[in-house]
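What follows is a pair of complexes built around subunit A, which joins subunit B in one and subunit C in the other.
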Partner chain A sequence: MSLEGRKGRRAPLLLGLLFLASTPHAAGAAAQELSAAELDQRTAEVAAELRCPVCRNQSVLESSSGLAREMQSVIRDRLAAGESPEDVREYFVGRYGDWILLKPEPKGINLLVYLLPAVALLGGAGLLVRQIRRWTGATTASGGTAESVVIPGGPAPVEDAAGRDGDQPAAGTAGSLSKEEEDWIRRQMESVH
Partner chain B sequence: MRRFRRWLIPILPIPVLALLAFGLTRDVQVLPSAIVGEAAPSFRLETMSGDTLSLAEVEARVVVLNFWASWCIPCRQEHPVLTRATEVYKERDVRVLGVLYQDSQDGAERFMRRFGGGWNTVLDPGSRTAIDFGVYGVPETFFLDAERRIAYKHIGPLTWDVLQTKVDSLLALTETALGAPDES
Partner chain C sequence: MLSTLGYAAVIAALLGAVVMTVAGLVGGFRNHPLLSDVARRSAYFSFAAMMAAIIVMEAALLGHDFSVEYVSRVGSRETPAYYTAISLWSSLDGSILFWGWILAGYAALLAVVRRRSTDRLTPFVLGAMGIVGIFFYGLLVGPANPFGLVVPTPENGPGPNPLLQNHPLMGLHPPLLYLGFVGLSVPFAFAIGALLSGNLEAGWLRDARRWMVAAWAFLSLGIVGGAWWSYEVLGWGGYWAWDPVENASFLPWLTATAFLHSVMVQERRGMLKTWNLSLIIGTFILTLFGTFLTRSGILDSVHAFTEGVIGPIFLGFIAFITLGSFALIAWRSDRLHAPGTLDGAVSRESAFILNNLIFVALTFTVLLGTVFPLVVEALRSERISVGPPYFDMVFTPLALILLFLMGVGPALPWRRATPDKLKRTFWVPLALGAATVAIIFLLGVRRVYPLVTFGFAGFVFGTIAEEFRKGVSARRRISARPAPLAFMDLFTRNGRRYGGYVVHAGIVVMAVGLAISGSWKLEREVTLQQGEKLEIAGYTVQFEEIWGREEPQRFVVGGTFQAWKGDRHLGEQQPRLNYYPTSQQPIATPAVESSLAKDLYLTLMAFDGENGEHATVRAIVNPAVAWLWIGGLIVGIGALIAIWPHRRPSYRPELAAELAGRGDVAEEPAVGEEESEPARVATGGPVE
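Coming up: the complex of A and B.
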């Protein structure tokens, strides 16, 4: 085998080794470039979730106070050191308590903040639906069947618990007969036969 | 059931009103601190005189760690209290230590020359130590026990009564802890 031939066969091997040797560096550089852009974005995301201790109702991202700027710098440094956004949030919660979070964690008593509006909304919707049904029921009742319940010469109309008289039957009771009325009708029917 | 429903509507706002009334009893100036009772964050910082000071190396039974700035008016108000503390507790192993908060060294030196006070103040570039301690603003003072746990945090200008009560109770606790083995 000639020297040329040996060189020719080694070339792909050398190229492969070169590729292997260079890849981690290239990947590292790419990751660094990526992280620089991501770092800004992640810093902004975490800063937007934290309350500025000086301005109180502004986030660390929005506030122009000196402390908020220093906090942004701390967030950035911690993220750059490899901490996750969760870790950074936990660090600030550890120093300032849950108060530092603009959006409280949904746990413990904080759950009320998330659940109460939904409960109130569903409860209100339920009450509204019930009330609407009651109103529509009352309209139907007063439109037709109420008079038919009152039988001339029959038993006295029964007052309902709300104090209405028999001419205006209560919603939901329209068309239904009391035991007394049923018995009276049955007696009338039997007397006919 | 019908009677219950009749009362339901007037009763419903009561919890909401009670919650609002409870809110009125709370002072919005009182801010929560997650760090009281915890070990004080360690720091190693440059002092105004150019030395390096580490909290772990401070030898004292009680450390009064005061975050302050020369531009802070309440800091001027509490300054005589700290000066008095250094005199009264000189022989009792109590150390007052200042941490400069978002201020220039020149400003702080002028302040100290004008109002006196010989205790050490460390510089806190980037407010890293202030954030580590969960500081909201100045003045804020942390009372650290012999084991460098944060026993108490005071927000706003110190009064002599507050300082004396806290320092005396911490000293008493240390003495009890030290005296306990002898008694047993």
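Coming up: the complex of A and C.
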């Protein structure tokens, strides 16, 4: 795990210094009253989701760099002045672009990074449930189907994850699949044995 | 001089790999013992050559021969000898040299271990190792040649990357990671060898699995060691940042772990043949991809990597391996068809298959999160970040499902579980899990994830304890040995199974450590005047003085602090900031006072440079971090038990049948190691 410093991050640093000079320091005139502990907590929450612009993959909360610590005090001042965490994030996005957010905003192309894992998991589970049914069906008529067998007394039945996540979507997608797609899936599953 | 010697050695290794590949593949196809022997000897030859290359490089580094290009880039006369020696892996060319050396070592070990084998598999496996060898030695001869000659010879060099010469652990965790990464090419070679030889039924999988466990153990220790290094060096109080470099090591670990579970389904039931091959091949591809990701410069910018040669070459090799491997699978598809059957949906098979689904989904998610910013940048020239908040959000629930499965899988019988059997098997673990949740809840914990983690941890420990209890009582009935000896017998007689449980126990310990340290970390940053104290979570820290010290390769500024836990004096703490001439930012060395319950972690953030009257210190109280390292160690020990070679005791079917009849140990013979070979082959045949 080498940590060779990344180059090419100088521009954000300059930007950062520029905006630091222009931040409002009217923190005292807080519209809302937050206790110091609450303010600490919220500051940390916002700082954890912002990237430290001059570091390698560290959040503003974690970084010990001067800029990150300045940013923390900006976050704190703005929260104390009554801005919502959302406002503060927007402010930094305005200065640095979406790059500053460690968790991308779920919009546009970014939706993919949130949806694809679910699609993969549910799709996989759907295929798996069908495959398990096929396998169980091949031997015995008495071997239960995937969703009907549960562990008595258990907090979560063993097939729960597959059943819950996979069953409905699988049934749902099955309806919307074309014949061709179904055949393709079947071929894929056959090659999986 | 050394430059020429080293380059000659690398060329020799490349020639050895070419001969090994040709002799291995031709020897395999023609079934020619002489050619197989040539392949074996070429493996020794390449290893000898790479050994020479490493010795030459170390001699150049330690002798400060700056006419050697690599030394001129990472060496310096001021760097201490230890860090000079390990700067072998501090930059691209050196790490590929190191990689090549380990690869040659694995190939030679493979050749030694299989020197008496007369099957067709061995030459094919060596041939496949040779292909990987050609790639890496070829890199060393061409674009990543570390032995280039620098004219005129510089007087001195810049020294290694400051972060890599700041802590002795740097000598430990990269070699472990490399042993793991490169080790994964051995199961890959077995998979390719088996596909080429066409004998996909038995033998090869067993060997591939053993090598996989060994590589997996190194990789696990390397990952935990990397986390430890990060904790001790980077000074931010954490150990895992979902950095692309970390993810690169984690991805093949995930697929290798998936394989180690699904392989049992194939061994038992002859199912999932194509799937298991794909997991082995995918794991190897992920090691290449991880190296590409971290070494090609693509992380700095999508467009940077095309300027270098390494990136495109790596991509080309990845494409070649991917297409080649899956073409082989398609070619052999007739022999891979083994229509599986499941007797019951609730069975150990199903648990393993579900485990694989989750592992693959995790792999996909981590991979997606890692490359997503690159894809977006390439497509739309926008820069976005996918960092720890995202990964924590998607990783935690999936990891918890895996934790739960860890308590279910081992206790489920193969083939089918009856409701009655399930009740008997799970009531103790479930009770233990529920009791854990209740106790933790009564202690005041209300957070969901930690509560769930604790509950599952109790459940898994219950399952493991039950398994050991059953095993011991079965042993005692057979041998009448006292319980402690019977307990030890489990490890020597069925190390694979019980070693696996030890690994599980280690993972649970780590999960608990992660849940606690992730949820109850406390942090304060305070500027202290001399003599002033700060209090945090029962700890008291007092600032005494700031000092500075000139060292040959750096300037060190340290703060002396006294620390107490309650009334107990913990001694002097000296967090430092190290100033290297090659680094603009100082590199911190935190002071960590560890205990099993909590760590006090001090980082010097800023100081009064004029007269040292005040210092800004970040104090972090990190609970249960030590359990991560302990858990990692348990995982390593478990893996060692699992692959430790033991004399296989003779299998006594009548005893197993008797035991199975009693229903205590189900179909699992606790007597011998797993089942006998013929039985496995029999179940492996086609059913339809």
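Please note the rule applied: the second predicted complex is superposed on the first by the 104 of 193 C-alpha atoms of A that agree within 3 Å, B and C clash if a C-alpha of one lies under 4 Å from a C-alpha of the other, contacts with A are read in each partner's own complex, and residues count from 1 in each chain.
Just so it is clear, a residue touches a chain if its C-beta (ideal position, glycine included) is under 8 Å from a C-beta of that chain, and two chains touch if they have at least 3 such contacts.
Small disclaimer: the values here were computed from a predicted structure and weren't measured.
Look at A:117: by the touch rule set out above, it reaches subunit C but stays clear of subunit B. Using the contact criterion defined above for the overlaid structures, shared-chain residue A:53 touches subunit B, although it does not reach subunit C.
When the two complexes are overlaid on their common chain A, residue A:73 makes contact with subunit B while staying clear of subunit C. Contacts of A:99 after superposition: both subunit B and subunit C are touched. Within the superposed three-chain model, A:132 lies in touch with subunit C and out of touch with subunit B [touch as defined at top]. With both complexes placed on chain A, subunit A has more residues touched by C than by the other of subunit B and subunit C. Look at A:63: by the touch rule set out above, it reaches subunit C but stays clear of subunit B.
Residues 54, 97-99, 161-162 of subunit A are contacted both by subunit B in one complex and by subunit C in the other.
Those residues of subunit C lying in contact with subunit A across their complex are 90, 95, 161, 163-164, 173-174, 177, 226, 229-230, 234-238, 241-246, 249, 271-275, 294, 299-301, 333, 336-346, 350-351, 353-354, 357-358, 360-361, 364-365, 368-369, 372, 376, 379-380, 382-390, 393-394, 398, 401, 404, 408, 412, 416, 419, 422-423, 426-427, 430, 433-434, 523, 583, 585, 588, 603, 605, 618, 687-688.
Residues of subunit A that touch subunit B in their complex: 53-54, 66-67, 70-71, 73-74, 93-99, 161-162. For subunit B in complex with subunit A, the touching residues are 2, 31-35, 102, 126-128, 130-137.
For subunit A in complex with subunit C, the residues that touch the partner chain are 1-8, 44, 48-49, 51, 54, 56-59, 62-65, 69, 97-104, 109-110, 112-113, 116-117, 120-121, 124-125, 128, 132-133, 135-136, 138-140, 143-146, 148-149, 151-156, 158-159, 161-162, 191-193.
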